[in-house]
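Chains here go by letter, A, B, C, D, E and F, matching the order in which they are written, and residues are numbered from 1 within each.
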Amino acid sequence: MNEKEKEMTAYHEAGHAMVGHILPDSDPVHKVTIIPRGATGGVTWFLPPEDKSYTSLIEFKDILARALGGRVAEKIIYGGDRITTGAGSDLRKATEIARDMIIEQGMGTKLRDQVFHEDAGGMMFDKMTHERPYSDDTAKEIDQEVAVLIKEAAARAESVITHNLVSLHKLAAALLEEETLEEDSVVKLLKDAVLPKEAKLY
Amino acid sequence: MNEKEKEMTAYHEAGHAMVGHILPDSDPVHKVTIIPRGATGGVTWFLPPEDKSYTSLIEFKDILARALGGRVAEKIIYGGDRITTGAGSDLRKATEIARDMIIEQGMGTKLRDQVFHEDAGGMMFDKMTHERPYSDDTAKEIDQEVAVLIKEAAARAESVITHNLVSLHKLAAALLEEETLEEDSVVKLLKDAVLPKEAKLY
Amino acid sequence: MNEKEKEMTAYHEAGHAMVGHILPDSDPVHKVTIIPRGATGGVTWFLPPEDKSYTSLIEFKDILARALGGRVAEKIIYGGDRITTGAGSDLRKATEIARDMIIEQGMGTKLRDQVFHEDAGGMMFDKMTHERPYSDDTAKEIDQEVAVLIKEAAARAESVITHNLVSLHKLAAALLEEETLEEDSVVKLLKDAVLPKEAKLY
Amino acid sequence: MNEKEKEMTAYHEAGHAMVGHILPDSDPVHKVTIIPRGATGGVTWFLPPEDKSYTSLIEFKDILARALGGRVAEKIIYGGDRITTGAGSDLRKATEIARDMIIEQGMGTKLRDQVFHEDAGGMMFDKMTHERPYSDDTAKEIDQEVAVLIKEAAARAESVITHNLVSLHKLAAALLEEETLEEDSVVKLLKDAVLPKEAKLY
Amino acid sequence: MNEKEKEMTAYHEAGHAMVGHILPDSDPVHKVTIIPRGATGGVTWFLPPEDKSYTSLIEFKDILARALGGRVAEKIIYGGDRITTGAGSDLRKATEIARDMIIEQGMGTKLRDQVFHEDAGGMMFDKMTHERPYSDDTAKEIDQEVAVLIKEAAARAESVITHNLVSLHKLAAALLEEETLEEDSVVKLLKDAVLPKEAKLY
Amino acid sequence: MNEKEKEMTAYHEAGHAMVGHILPDSDPVHKVTIIPRGATGGVTWFLPPEDKSYTSLIEFKDILARALGGRVAEKIIYGGDRITTGAGSDLRKATEIARDMIIEQGMGTKLRDQVFHEDAGGMMFDKMTHERPYSDDTAKEIDQEVAVLIKEAAARAESVITHNLVSLHKLAAALLEEETLEEDSVVKLLKDAVLPKEAKLY
């Protein structure tokens, strides 16, 4: 990875880490690194303080926002026309979570308390036709619900990062120097960062 | 499972049990447990007093409402933004029943006395094309009938639980203490619970 | 089968038998039974007086009405909210016949003298794409023609049963007592039943 | 086959034979029979006077009309509500020819000089997707062109038969008596039949 | 092939040859024959004066027009209702070329500089779903672009043939007599044929 | 390849090279050749000065414009009706990149920060149905975003080439003479070429 890309990766991971650290229902940051592994330029790990069996709607929303934190940090630091393919896997993960909330967990605004897919054990009919078990109108509603979740998440991430730019620069600089930061270092570097009103859900 | 999740599971199962106990055409509660088994955090069993070969429209509606009772209890106790993935399999089951009522049992409001699917033994043509044996307009009507059944069921469950909150707390507390309750204990704990007018179908 | 279900089965089969007996272009009733066999709770057989190679439009309409006679009897006796899954296979059979009339026999009102499906020996193109050989608009017209046939059949069955309730009770009572009735018993039990004007096609 | 069906078959085959005999661009009748063979109750053969490599638009229109001649004869003799499944294979054949004219031979009114299907040797793209190589709007236009051809053919057949009812009765009576008629007998029996103005294309 | 069909084939091939000979960006006629080979009644060959690696938009348009020249000649000589299946393979070829121009070569009027299909090496996503990589709206635009190309080609062919009917009769007569004509004979027979203004593209 | 095609190839490759050389976020030209290899008539290589892991939105836009530079050069030199199949693989590549930006990289104008496809590891539901994981409306938005990217790229390429026609003629002439040009020769030949205001993104 060249120097420019290394810097960009530092801001990208700092974005993930800061958004996850600040939002109240995200698991805490466990470690951040900009040492490339396989196809990814860096990684930020989050770990729950104790084992969890379920995820709530509000936790999913913080997971979505922190997943988009990397792309949003790139946009804020380098400009919207210079966002990169570095966020590709983040976007896939965010889309999958948002779709899962709507089609498997009944967590949509309009589409609630119902599933919109089939699995191997049910909805016999649609498995035979290999078609979606719903109309194109419903497909459109699913698309809109997913798009709203993604847009809300990007806006919350942008609000967190914009309100804490000094901390972002500090964290990115530390990453460029140390390459890997443990939880306590991240917490110290982000000690001045605050949760802006616009990013609050409750 | 952590303590918070255990409590949530107690309220979730208490929701299933109460809605099934109160609605007049549901089978009676057989047993409730919050001891996790496999992927599920708890289970509520309902058993018919004698063997049954058929299920009526009105029985299906009570089955739908009690299936959503867990999610609805979570929502009432913790708030709509804190509902969890714990209801995932309930929602799938409810959706499958509601779809079955519409596409296999001719129990829709507009779509009545007709089936809207194929099986291995019939509708030769559509098996060859592997397409739905109906138009996108009909798919939309099916979606609307299913959505109406789910919404009605959620509203009935919410009405039952909201009118009997004291009993819900008692049942959840007993579950947290005992972990498993047999039919007679459930009946005693719910002896003050009543069927609210809004949840009545007739 | 429990007692309540046995009674319901008796009314269900009595509905099939009466509608088939009264409508002028149906084959005569051969036998009725409420002894369960496999998945079905009862059966009503109709037999043509002599071998037949063809079926006319008007005969299909009486076959549709008698197929829905069981569901309609349940509805009249127990109420529309208490119809059961006992009619599942009747509805499938009626839907398949109505679809066959429209897509294979050119017997629709608008869609006449043409087929709307493919088979193994023809319509090369559509077999290759595995798509319907027509537009979604045509699919909608097919759905509407099928729905009209089903609704007309249900209305005719309802008219026959409503006008002959005393006979229906007699036939159901005899079935509960005898469990199986041959043609001549059915004819005697239904000797007062008449064809109401609303169920006449000509 | 029972007597009533035999009579109906005689009128059905007489309808095919008369329409093919009267229309100017149909091949002449070769033989007519009402002796059942396999699934069909009767057959009318048409043979070109000499070998042919091509079929013209105008010849296809006469082929369509004579293919519907059986169903149309049934309708005129027994009434529109008493048409039977005896015409099933005729309708399939007519639909396939009409579709072939539109999607393979560029003979539509709007859809001309173009094909609307793929075969094994071409249109690579659509073979890969297994989808129709055109939009739903085009599918609708194809449906409309096919429906117009079928309706025109039925109207021409009806016009021919209505104008020559005496000859139809004579031909059907001869078929009932002889069971099989050769070309010269058919010609003699139909010697008074004329081509009505409404059935003329030019 | 009977005499009438042989004559029709002569006019059909003369149509191909004349349109290809007259249009400025078509390769010259190499040979014309009405000796049947396999399924085709005749063939007209065109050969480029030197090897070519590319085909231009303007060359494609002349190829389309000459491909429709056979069907258009039939129509002009025998009337629009007497066009035959003899043009089937020409229409398929013309449709494939017109579709190729739009979906593979970016040569549409609205749909330009872009491809609208997938192949084995690309567009991963759509290969997985086995669906068209675009919306039904885009499918409609593709259909319209293809239809415009076909209609323009037919109009150009009709203009060339209508303006040079005497030459067409001469060429057809020579074909009926000689059965096969080499390039120089065709050129001589068509020496009075001219390019009408309506068929010019530039 | 004939002489005319060789000249056209020289202008085609000169178009790629010039657009890539002039646009600020494209990698520099490494080599250009008009010696045919396999199916392609010529090639222009671009090489990044150092290894790169990511590609930015702005870099993609320059890649799209240089990919269309060949087709645009043909159009400017020979006229829009004389564009050829020589650009086929360029258009495929440009379409694939533009689609990738929209459906995999979340770089659309409306469709941002989200993916619109499935891969082997995710979106379970849609892999089972083999359908697009979105509605036809969303498919239309994707089509529009892709079309806008392609049109913008073609307009930028046209602007660069139109403003630097003298340099284009020089580069094409050198290619015809040398057949292959290294980076430094290209740079010298294009030393007077400038970035026109219309092609600037920032």
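Some notes on this structure:
Keep in mind that, in the parts below, a contact is a pair of C-beta atoms (placed from the backbone, for glycine too) under 8 Å apart; a residue touches a chain by one contact, two chains touch by 3 or more.
Since the structure is predicted, the reported quantities are computational estimates derived from the model, not experimental observations.
With contact taken as defined at the outset, chain C and chain E are each touched by D. Taking the mean of C-alpha positions as each chain's centre, the chain lying farthest from the centre of chain D is A. Where chain B touches chain C, under half of the residue numbers in use are shared by the two copies, so each contributes mostly different positions. Centre-to-centre separation between chain D and chain F, using Cα means, comes to 56 Å.
Centre-to-centre separation between chain A and chain F, using Cα means, comes to 32 Å. Residues of chain F in contact with at least two other chains: 104, 119, 130-131, 136-137. With chains as nodes and touching pairs as edges, the resulting graph is a single ring in which every chain has exactly two contacts.
From chain B, with the walk directed at chain C, the chains encountered around the ring are B, C, D, E, F, A.
For chain E in complex with chain F, the touching residues are 50-58, 104-107, 112-116, 119, 122-125, 128-131, 133-138, 201-202. By the touch rule above, chain C contacts chain B in their complex via residues 1-2, 5, 8, 36, 41, 68, 71, 78, 80-88, 91-92, 94-96, 98-99, 103-104, 117-120, 126-127, 130-132, 136-137, 139-140, 142-143, 146-147, 150-151, 154.
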